[in-house]
Structure formats: structure tokens, C-alpha cells
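Naming follows writing order (A, B, C and D), and every chain is counted from residue 1.
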Amino acid sequence: MRKITYRDALREALLEEMQRDKTVFLLGEDIGRYWQGAFKVTKGLAEKFGEERVLDTPISESAIIGTAVGAAITGMRPVAEIMFGDLVTLAMDQIANQAAKIHYMFGGQSRVPLVIRTPFGGGVNIAAHHSQSLEAWFMHVPGLLVAVPSMPSDAKGLLKAAIRNDNPVVFCEHKLLYPIEGLVPEGEYTLPFGAAEVKREGKDVTIVATMFMVHEALKAAEALEKDGLSVEVVDPRTLVPLDKKVIIDSVRKTGRLVVVSEDCKTAGVTAEIAALVAEEAIDYLDAPIKRLATPDAPIPFSPPLEKHLIPDEKSIIQIVKKIV
Amino acid sequence: MDSDTLVLMYRKMLEIRLFEDKVFELYGQNLVPGTIHLYTGEEAIAVGVCANLRKEDYIVSTHRGHGHCIAKGARLDRIMAEILGRKTGYCKGKGGSMHIADFSVGVLGATAVVGAGIPIATGAGLSIKLRGTDQVAACFFGDGASNQGTFHEAINMAAIWNLPVLFVCENNLYAMGTHQARVMLIDDIAERAAAYGIPGVLTDGNDAIAVYKAAEKAVERARGGRGPTLLECKTYRQKGHSRFDPATYRPKEEVEEWLSKDPVRRLRKQLREAGTISDDKLAQMERDVAEAVEAAVTFAVDGPHPAPREALEDIYA
Amino acid sequence: MRKITYRDALREALLEEMQRDKTVFLLGEDIGRYWQGAFKVTKGLAEKFGEERVLDTPISESAIIGTAVGAAITGMRPVAEIMFGDLVTLAMDQIANQAAKIHYMFGGQSRVPLVIRTPFGGGVNIAAHHSQSLEAWFMHVPGLLVAVPSMPSDAKGLLKAAIRNDNPVVFCEHKLLYPIEGLVPEGEYTLPFGAAEVKREGKDVTIVATMFMVHEALKAAEALEKDGLSVEVVDPRTLVPLDKKVIIDSVRKTGRLVVVSEDCKTAGVTAEIAALVAEEAIDYLDAPIKRLATPDAPIPFSPPLEKHLIPDEKSIIQIVKKIV
Amino acid sequence: MDSDTLVLMYRKMLEIRLFEDKVFELYGQNLVPGTIHLYTGEEAIAVGVCANLRKEDYIVSTHRGHGHCIAKGARLDRIMAEILGRKTGYCKGKGGSMHIADFSVGVLGATAVVGAGIPIATGAGLSIKLRGTDQVAACFFGDGASNQGTFHEAINMAAIWNLPVLFVCENNLYAMGTHQARVMLIDDIAERAAAYGIPGVLTDGNDAIAVYKAAEKAVERARGGRGPTLLECKTYRQKGHSRFDPATYRPKEEVEEWLSKDPVRRLRKQLREAGTISDDKLAQMERDVAEAVEAAVTFAVDGPHPAPREALEDIYA
């Protein structure tokens, strides 16, 4: 295995799937030969597969998804890119009312094999309209699958699986993850949806974290080890379906749970995971569940402000210490 | 136009008319849950357009969709069963009146979100182009829908990619209680085509032959790889917007004028005057259609309701 | 006090506020003299205040909210109606990125006194595109307030308060509540945001419920009383801000919590309330927290299917019995 | 046109030009967090439009907004401080380059969601109408933004309610790397006005006087209660789209041709040729502007960063 970036792992997944299956195609704003994608994930693909399979679109988010839905129900497997996660707001009807519901509403007549890739997250000082994490909205919409890869290998394995899945998948990426490197299997490599991974084993406390927060949690775990604390880090990898078993098994082992996510706290990812454990595993808990998320505020522009809000190694360490 | 097509069109229009009359009757008897939007008075549009389509062509439908589905070849009985919420309906009772689909005849389904079907039709067109078939996709939507952002985005997209799509605006002058003149300054929605650099065609939506001919050209264009057309059909709904709407916001004279332009009677008259079909055959057809509608009701009413637990099936493929 | 319906209570609030403040105006699809609102809430108001203050709009949800935002930041107090809650999907950018963030993003320069009224909920057999409950999405967006009145008096008091509030308020109504009657104070009557109400006192178990579910919970409580169980029913009345104190005080008293909401379970209203209690009041609990929500499925059309999914008195009784 | 206006316009254009040059320089020095979108080359539009506006009139701005704000009378120093993320900036450091607002001079703020400002401008227009003042609202947006659904919905709404709004399309031929011709079939976005029954006016966006005159008519119309106008100004951005964009997707000849049409040099030449301003005064003004920009930098750089905990202020009013 070679080390490649998360960005390259995504591109490799796209490339391999496009080679494998002629019905796979990409559409989105500036993903083609002129710009190569805002985060360069699609670099080189238009040159390789032609502009018909790597379609630059007008700035029309709602029609990007709607068009992908129409293609998906008539034999194609579109992978649509929304340039920034904040802009899914413009396509929520097509995502939540059309893509998510068509299979059900029409009694199973049609499948909607559609992947919506979009980068969430802050950390690059581009303020309130380009920094949100909105994956919880999609968890709340039955019919959608939600992937949240944190590592380059997960990115590749889950994206290939997403493209082959017959359901609409909201595939959440993170701006700060694109340059991160990791070992990634070459060629055929897929990961099942609904399989969490213990990214680090531990026995005193469980941290469930997703996406960029997995990396911060791993750093925190390392630092806490020096204080004699053994921290387990669980990465759900997909939020829908959510691997309850791995999460609950870990809580059963450690008796303590901290849930960390970059999205806003109220009614977010941490709420669902905390509620799940409160419902199904409360008896294993030796301390209150702790949630660490971005406080309920828009993401501000100025670096000290933004840094203050988004969870990181330091704030994870602090919160873990509160319950041990 | 050849007479077989004309006769077939009349039959389809009559099917829609009698079907909708029956739905109206059934909900008077409290057999129809929820709400419904009848296509009565607009039959010439779906039929005129779909008479130009092949089985493998697509349509995208709306909340006022029974007529579209019938015109494209979906079965009366399974539509009726769906409207009555039965397991034997097209969507196993999950969709209802506003969400009929029959993928086996190219009905990609109706959306109840006004305007939401327009990009889906563009996507069907894109799919056709990428797969390299000579299918076309037709999308029905109302005058009200043409003020949605999706109209703008999706027609523009179909235009730049030169997709085989017919955007069929069924301008029945009202969106619920809102007259067209209160929500746009232009008279003809077809004019909006110019904003996307594609042809905009205006036609009398109560004249099945006129619709047929206009759609014929647009379909020919689309199949020939010459791109989309916006086709506006002026029409009128003979009933209220939905279940409980007495439609008192419409002037009586206006309603009467449009009732006098009834598209079903009009085509019937044309067929008789041109001698396309004998009175006997016509009478026979009318009996046949009435029977078919009755049979659909029987099929629907006899169908079981879905079992409650089926509510948790079909969420994921 | 007279008994009036929830619908009439809302109308009275609109009418009184329009009389009190010339900057208050209404806009939405078919709210004017020709249709009087899909649920007749605005009946008679166009006749009374003229068509300039009760504006019928084109079918353009995104522009309805965007226009309201523009009016709100330039001295008006718009009350926008989205005809069905499912259609907020079309306006999410204007709601979540513009209305919610303008005050913050511009450093407090502008206020956005905007009310968005919309009916959520199922029960009337109009299927997946007209039956959702999406209030959790708005809880997840900082900058928005979220009202969820269950009673005619709450409807009036909260709507008047919402109109006077300088923040954007998503005002959630429910189709099945419109015809419900209750005592409503005449004239001036406002309720504070963030004040839950104990709708029924009890000591064995706490049910936190919102909107139509309050009524089902009250029925369940009555039935359970016959079995000798004393059930407390807490109605948060607003989800943002959420009255943690009243909820936690109730849980402290009863030691048992069932959260009931009509929205889909995952990452919904019940998740947030359950997580809150798991974080801040776990030590008071004598049993696992239970969440009762609509299972993660689109709302189906056919009556037996729809009835099967949405929580009601019966399913509330069942779930309460599981933890007592 | 009177010479005071012309001289003032030149000064504003120069302010924008030197301001943007300085921002470019500062981010080379790593003083600017995040990304930025320079208005360089498009100065004639904001200035030509805003020269027709009063202080109490409104504008709605975009991600490429520095020029709009300067033209409407916002202060260089507080804009610069905001761009540098300082507490002394217009938004206390919360907004940054893409979100500048100055409500005290009618800048209703910039949105970084392409097209999202268009309905907000319609709303400002509605507010003006309801309050019965004679203000107007101007909304800037790009060629790319004109493909958003908001464009369609919001202009139609302004049209039917006859609102005092100028929809100013800054057509710089590209949306990021996407040439206009790849995302619409029409040449002139002004043509889209016909879809809403309002005037669509095309003008040379690199000619300040032409923009001024076109905007003058539209503002007159709006103030006179005769409704909105769509004004398309053809222009070009002289720099890349944003911070790191080398803009290699643009042919060299195209770039050179447009550089030769520089709007600032052009107005300068016109003023000198017409003798509107003496060379001495011009030189003085140019020194003044350069100093003002330097002063803005000093103000900005000297300003403190916001305290971290301020991130939790201003969430609710």
C-alpha cells in the first residue's frame, strides 16, 4: 500500500468506478478541465473521460441535484458535487423530498443510485457561508445514506461503495482532510456502510468522533495516555446506517462516553449518538454522557474567533477530564 | 393526421374524462382519502403530447397527474387502486393521487412539490443523451410552477446540453386561487424560452390536434438531437383546484366560456364532422370506456389495504 | 376568556399585531382574499388590511423568504407563510444562511425581525410531500428561534411574541391542531420564548411532548392514571430557546423520561431532549430514557400505513409502560 | 453630465483600484486570512450605479464586494480592518472579505451564496414601497448568479409588485473557470428581462459614463414608481477569481484585450481630454487616494483582533 492523500483517494475511487461502470458520471460546478474542482478532487478526470462524463454545470444547485435524480432513475449512476456543504441549502427539496423519497413513494418501483459529494467544515477562515457541517440534517431524512470518512482509506472504500449503492448517499468530505495522507489499498477496495471502526483501543473512556474530529480525538487520546488514561476512539464512518453495536460495545467496556462532532451542538450528530446510548446502554454508564460540538453559533471569519468555536485536541482533553 | 391516431387520442381523452368524473364521484362517497386534483378540462394536453411518445419515452408528472399517467399508457385500475390507497395500486398505497408512477411505461412519477419535476426531466434527458438512445422526456407542469427557480435552472441546463426534453406548461390560468396576471407580467409563458435560447411555442391546450402538432415538432426536434422546447398550452381546469375548492374566485363568465371550449367534446365533434369514426363505433367506444372505468373501480375497491407494517418497507432499496 | 380554535387564535394574533404595528405585514402563497390561506389562518385579513399588507405571492418559496429577509433588515416586520412545512426545503438557504446569520455575520449591525409560519405534521393522508415535521433542522441552525405551540392560547401568545421578537422565528403549526379549541385570552397576551409549561402534573414519569403530541400525551396520561400511574406532561412550547430547567426539574421529580415528537426519530427533537438529559441529569434517572417518534420513514399515503407510523395515545402508553 | 459627479466618480474608482491593489499586496504578505475576490477591472459598474444613489438608498453586495461598499460610501479603513479580521472592522471580524456591510450608508451586506442577495434586494424594494419612501435598492450579482433560481423568482416578484429595484448584472464573462457561453445559450443576460416583462438594458461595464447614464434612467424609473430594471454591464475581472486562481483558463489575447479597456484609465483619459479636471488636481487626488488607502491599512493593521469569546456574541439580537 502506498500513502496518498484523502483527496487523491477520493479521485482514485471516482476514476476506478468510472472505468468499471460506464453509467457512472460526474456533474457539478467547475469540476471539469478548466478548474478541476474547487478542491481539485476531480483533477484530470474530464481529460480522461471526456466532458460528457465530467459535466461542468451552471451555478444551479437545485437543478444539479434534480438532474442527477432524473438521471439516476433512468439508468445512470451520477455523482454530483456541491462545491461547499453550506450550499446544500439550495438543493434540500431535491435531496430530501425527491431523491430520498422516490423509492418509497412509488412503492419501490425505482431506485435512486445517486451520490452527492460535498465538503463540510471550518478551519480555513472563510466564514459563515462556507464553513458549516450539516450532516445531521441528512441523518434526519429517511431514505438517505450518510457517509463521513475520516481517513484516506475510508474515503476510497466508502466512495466506491457509495457509487455502487442503489440509494442516494450524501457523502460528506471535510476541507481540512483533503491534504491528509494515509495508506490506501490500490485497486478494488470497498467498505460496507454501517461498519464503525475502532481507530484506537482503550479501556477508560470512549470517544465517538467523526471526520476531522477523529484526528483531533486521536491526538487527544495520545496526550491523555501520558496522563495514564486509556482512551478508545470510535469512528462511525457512516452516520446512516449507524453502527450501534460497535458504539455500545465500546461504552459497555469503558463506562464513559464523549461524543465529538464539528457540527453545531443542538440537534446535531452528538445529540443522536448521545440519545442512542441513553436509550439503549444507560446501565453501562459510570458518568454522564458528554457532548463536544461547535457551540450554537455561525462560523465567524477572524481566525481567533473561529478557532475558539471548533472543537480540537485541547477541548477534547478538557471534556474527557470532566468525566474521568 | 392519420385517423387511427385521432381515434386513439379521443379514446384516451375520454378515459381521462370518465376516470376523473368517477374519482369525483368516489370522493363524494368518502372512498378517497386525502385530497385530489382533477385533470378535467385539460385532457387534450397530456393526450396530444403523449400521442407523440413511444412506450420507452419518459414523462414526469405533477399533483394534477392522473391524466398524464393515463395518456402515457398506465392502467386505469392500478391508478384507481392507488388513489384509493390500496396495496394493488401502482405504489402499493404509499403514494396516492399526487404520486403516481409507472416506470414500466415510462411514467417517472409525479411530485407534489410544484416545479420539482422540471430538473428531474432534465436529468432524464441527460441520461438519454449519455446512454445514446433516441428516447425523449416530456415534463408537465403548471403556470404557477413556471415561477419556481427550478423552472429557470432546469430549462437552462437542458438548453446548454441540448437535451431531448419537452417542457410542457399547462397554463390553466390559475395556481390555486391565484390568477396568472397577479404573479407575472407577461401573457405567454412561452416567451420565457427566449431567456434560455430555445424555442417557445404557444398552442391551444383545448385543441387536441393543435397540441398534437406542436408536440410533434418538438419531439422531432428532440429526437433529432436539436434540443429542448418549451411548449405552452392554454387551458382551464373545469373543477376547483382540489378536493374542497368551490373556486369562487373565478368569474362565472370565464368558467362558462371555457366550459364551452371543452376539449373532449371538441375532438368528438371534429371526428364526427370529418367522418373519421362512425357514430356506432363512437357509441361503442364510449360504452367500452365507461366499462373500463367501472372495472377499474371494482379492481380498486376490491383491492386490500396495505398491512400497517408495510409502512416500514421500501425505505431503502 | 372565550373558547376559540387554534386557527382563530393565530388569526387573532396576526390581526392584533397588524393593528398595533404598521410595519407588520404578511406574505405567502394564496393567503389573500381569493383563497384566504390553505388552512384559512389568514381569512379576512386581506379585506381588512388591504392587499399591500397581505401579499399573495407567486409559487417561489425561496424568494418569499428572501424578500421577507430584505424587508426585515430595512424596517419591516414580515410574517411569511410557507404553505406546507415540507416546502421549507426550497427556502433553506434564505432561512439558514441568510435570515439566521445576518445579525451575526455583520457584527450585530442589523436585526432580522421575521416570522416564518408553516404547518407541519401528518394525519390527513396527503403523503410524503405534505406531511413532514422538520423543526429539528431549525433547532440545528444558530440564529433561529423555534416555536411549537400545542394549544390555542400558546399559539396566540407565542405568535404575538414572535412578531415582536427581533430575531427570525420559525413558527411551527400543525395541521391537526387548527380546528382544536381552547380558552384564549382576549387582547394583549404574549408568552415568553424559552418557557416550558407543565401541561399536567404527575410524579411517576415525565413525558416531554410537543405540538399535536401534547394532546396524545395528555390522553395517554389520563388513561395511565386509571392504571394508577401519575404522569407529568411537559410542553417546551419553544424548542429554541429550550427550557432545560423545567424539563430537568420534572425528570428530577419523576426519575423517568419519555420524549415524544412527531418528527422522524434519528437526529430529531427527541434526540436533542434525550441527549440534554443524558448530559445534565443522568443521575436523576431510574430507567433508560425512551424516545417515541415517527420511525425513520417517509409518510405514506394510505391511512392504515400513516396511522401505523405516527405516535399516538396507544403507542405512548406502550412506551411508558416499558420503563415503569 | 456635470463635472463634479465625474470627478467624484473617478475618485471612487481610483479608491477601489488602489484599495484592491493593496489587498492583493497584503495577502502576499499573509496578512489576509481566508480567500478574497478582487473587484479590479469592474470599478466602473459599482461607481456608475452608486453615483446615482443617495445615502439612504440601499445596495446588496456579493463575494466580490469591496468595490460596491466603497462606491456606496463605506469607509476604506473599516472595510480593510474587516478583511484583516480585526475587531475594528465593519463586522467586528465576524464577516471578513465576503461579508461586508455598512447599514449606516445603506450597504445591506454581502452574501457569499451566489444569487442569494437577489431576493433580499427585492425585499428591500418591497419595504420601500410599503413604507412609502422614495428610496431605491440596487442589487449587484454576476453572470454566474443569473443561472440561479433566485434570479428568476426574485426578479419576477419585483416585477409584479413594481418595486424600485435595479438588478445589476456584472457580466465579467466567467463564473470561476466557467465561461458564460458554456452555461447559457444567450449572449446577453439583459434579454432575460423580457421573461418578467421589465426593461433589460445592456451597457459597457468598463465605461463609467455609460453605466452612469444607464443606471440614471433605471433609478429614475424606480423612484418614479415605474418598477425594476435589469441592467447588464459587460466587464472583465483583471485578476483571478479568488486568492489562488492563476486564471489560466482564459486566453491571453482575451485578457490583454480587456486590460486595454481598463475602466479607470479610460475615465481618467476622458476627464483629461474634456478638461474636466486639471492635471495638478488629478495628481493631487491620486496622492490623496493613495494616502487614504495607506491610512486604511494602518488603521486595519493597528486594530486588535477580536477576543476569542466574542465568537459567542451577536448570535441573537
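Just so it is clear, contacts are C-beta pairs under 8 Å (C-beta built on N, C-alpha and C of every residue); 3 or more make two chains touch, one makes a residue touch a chain.
Just so you know, these numbers come straight off a predicted model, no measurement behind them.
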Between chain B and chain C, the fewest touch steps amount to 1
So the chain most remote from chain C by C-alpha centre is D
Distance between the CA centroids of chain A and chain C (whole Å) is 30
CA centroids of chain A and chain D: separation to the nearest Å works out as 36
Rounded to the nearest Å, the gap separating the Cα centres of chain C and chain D is 40
Averaging C-alpha coordinates per chain, one finds the centres of chain B and chain D separated by a number of Å equal to 45
Expected list for chain D, residues touching two or more other chains, is 91, 93-95, 99, 111, 113, 147-150, 153, 156, 160, 182-184, 315
Where chain C touches two or more other chains simultaneously, the residues are 57-58, 60, 62-63, 86-87, 89-90, 93, 97, 104-105, 127-129, 142-143, 296-298, 300
Contact graph of the chains (line, ring, star, complete, other): complete
In the complex, the residues of chain B that touch chain D are 147-153, 156, 159-160, 182-186, 191-192, 194-198
The residues of chain D that touch chain A in their complex are 33-35, 85-86, 91, 93-99, 111-115, 144-145, 147-149, 175-179, 182-184, 249, 305-312, 315
Seen from chain C, its contact residues with chain D in the complex are 23, 25, 52-53, 55, 57-58, 60, 62-63, 65-76, 78, 93-94, 97-98, 102-112, 142-143, 145, 166-167
Within the complex, chain A is touched by chain B residues 58, 60, 89-95, 99, 101-103, 108-109, 111, 113, 116, 118-131, 137, 149-150, 153-154, 156-157, 160-161, 313-317
So, in the complex, the side of chain A touching chain C is made of residues 62, 86-90, 92-93, 95-97, 100-101, 104-105, 127-129, 134, 136-137, 139-143, 240, 242, 263-264, 266-272, 274-275, 277-280, 282-283, 285, 288-291, 295-298, 300
